[in-house]
Amino acid sequence: MTGFAVSTAGDLLTRVRERGPLVHCITNDVVVNFTANVLLALGAAPAMVDIPEESGVFAGVAGGLLINLGTPHAERRAAMEAAAPAAVEAGTPWVLDPVAIGALPVRTALAHRLRDLGPSVVRGNASEILALAGTGSGGRGVDATEGVDAATGAAVEIATKTGGVVAVSGAVDLITDGRRTVRIANGDALLTRVTGGGCALGAVMAAFAAVESDHFTATCAAVLVYTVAAEQAASFAGGPGSFAVAFLDALSAVTADDLARAARLS
Amino acid sequence: MTGFAVSTAGDLLTRVRERGPLVHCITNDVVVNFTANVLLALGAAPAMVDIPEESGVFAGVAGGLLINLGTPHAERRAAMEAAAPAAVEAGTPWVLDPVAIGALPVRTALAHRLRDLGPSVVRGNASEILALAGTGSGGRGVDATEGVDAATGAAVEIATKTGGVVAVSGAVDLITDGRRTVRIANGDALLTRVTGGGCALGAVMAAFAAVESDHFTATCAAVLVYTVAAEQAASFAGGPGSFAVAFLDALSAVTADDLARAARLS
Amino acid sequence: MTGFAVSTAGDLLTRVRERGPLVHCITNDVVVNFTANVLLALGAAPAMVDIPEESGVFAGVAGGLLINLGTPHAERRAAMEAAAPAAVEAGTPWVLDPVAIGALPVRTALAHRLRDLGPSVVRGNASEILALAGTGSGGRGVDATEGVDAATGAAVEIATKTGGVVAVSGAVDLITDGRRTVRIANGDALLTRVTGGGCALGAVMAAFAAVESDHFTATCAAVLVYTVAAEQAASFAGGPGSFAVAFLDALSAVTADDLARAARLS
């Protein structure tokens, strides 16, 4: 018993495509283009509003918010610190992606402050989740240097403290809200050969959370849709370049039936 | 009688490819890569100079300038406020793209200040054109929530006040200089599924304005080349990922004959 | 006798893929996504840490560092001025790419300061190398307006002063350390039709310098791998869009045998 039914993922995918939720992203320079294209391929509406004078207003009207710490310039940090409380106040679901925290001082301190505001979902690799819980040494850049299983305890701890969901990305993805835990074994290693392969998933989680108030279910659905599309793309790809292209095509075309056939949950 | 001859578009396309105009872009983080690639595919030379100490100098020597308000960070806003007067002073044609203005305060105020400097061309969706004229409530992010026809009056009003051209993007594009008006029905919905599908068109308009002093004609040609290439790309595409790739290929290969065959003007 | 054996390039390519060096990039907004994807395709690990509070720390632990001046925002300039001395101090090899210096004041002054810190490798087109030596007038944007041969003297002069390597990009690439000089005639004109075609090469040079302390040999290997992959990609490409995709695929698949067969050195 996993606490998540695959058929629900198909239903939520349909809901995302029908409603086209507005997803407010404050994310890093490296992946911002890919993230917007992933959201558009999925059927959501991206809006990258990342200055402090506008991000608070916008977080209040968006369907979901992503805060990704990959390139935390000062103005963007201020935009994050305006947007997160506004999202909390307005009830906008929001996702925190603490990219490469641990040894790097600015983003690590910021991630802890944002964690304490209670993000609806936290997404990271095992190293980042350990560092966010205060029990790891952090990774090197955006690489995961530790396995997902090593971060299970930290994930449950963060979920319990924040009252939200924590998703640990890896060869097998783990999603927990502190009570329910699902492991999803879909995906393809080529996702790690495209920059933003992890970061854009955070935006997809925000899109699903925008249409489903059970954020655990929404996050599981987001991971399943994303990783099944990745498997479809990998079957056509000749390398990381063609994979990224095929992945966007697959995200726009993946069906509920595809999810049901391909899902590998435990 | 539309005031625009399709054969002219082919002539101007040849001129852009032969002269390779230097197009100065101050644009947003999300689309800056795609915009540069669109210009390169077309045969123009992009240069993204967006700090205030350099943008005024550069606007004076560039063939054309694009100012796009998508992610208006403080330093970039200063770069815009230095570049626009320098372009006016030097006679460099410049395009204003007032992305997502309306409810968002910083960009809306900036767009109105820039409008009053007399851009050669304004490009936006219907919501943005209405907001720039001061008669609309603005869109949600970069989505158009109103049809092109709803913005015809606002477009004519802005064109008359600025003495420039206004292009309203939508399923049918409308271009007016206040006296002449053309509607171009080419294009493909996949352009709205790739981030920068609209923004990069602003840069293409700057490239055409760099080689043709009748900016109304230049803008019509830019829209026709862009949207016919999009149709060609869509015929090969399996989704938004492969469409974006095919679109760059098509921009580099589209011919005057293709334009003549495909044009749907009114 | 060129001072560089092609077989070495294959050995270093294997070494990069086995070790996956962490490459710290402080680069411009336009090409940052493509640069990260190029490094991932090659088998290296990109990390774009570009705020001053973090870049010094990170440059000390990275395998290699790239500093690219394409969009030198104030915060990023401060990040560069923190990272370069930290790299020198820690012995991290670093690459300087003085994009579009010459007429643009901020980047030109910064490039000269960084040059005087002794970069391991300088990469630029002929106009930029001439401007960095103080003997040229600079180019227009990132275009080379002068041939590689015109910059040979300037390249040797810079290499001699810095004690590093200088690589001049063009139809034929020239690499010199002041004593040894190699010309590599591989590559394809389509590399100039994709933004970042030159900039990403600087990151690849940093990846090779991270695994080989003879930076002249490392730089020659980087250029050969990059340009042979470009030739492979061009043979499949229908234009600049499909070329960029095929190039990433080719970088992930190119072999030592491919290099040996295709190399055109003098």
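Each chain carries a letter (A, B and C) given by its place in the written order, and its residues are counted from 1.
Here is the rule we use: contacts are C-beta pairs under 8 Å (C-beta built on N, C-alpha and C of every residue); 3 or more make two chains touch, one makes a residue touch a chain.
Which chain is which protein? Per UniProt: A, B, C = Hydroxyethylthiazole kinase.
Since we're looking at a predicted model, the values are computed, not measured.
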| item | value |
| --- | --- |
| Chain contact graph, described as a line, ring, star, complete graph or other shape | complete |
| Self-contact between copies chain B (Hydroxyethylthiazole kinase) and chain C (Hydroxyethylthiazole kinase), residue sets same or different by half | different |
| Separation of chain B (Hydroxyethylthiazole kinase) from chain C (Hydroxyethylthiazole kinase), taking each centre as the mean of its C-alpha atoms, in whole Å | 33 |
| Residues of chain B (Hydroxyethylthiazole kinase) touching at least two other chains | 29, 32-33, 244-245 |
| Footprint of chain A (Hydroxyethylthiazole kinase) on chain B (Hydroxyethylthiazole kinase) - complex, ascending | 28-34, 70-74, 100, 103-107, 140-143, 192-196, 237-242, 244-245 |
| Chain A (Hydroxyethylthiazole kinase) contact footprint on chain C (Hydroxyethylthiazole kinase) (complex, rising order) | 22, 29, 32-33, 36-37, 40-41, 45-51, 53-54, 57-58, 61, 75, 244-253 |
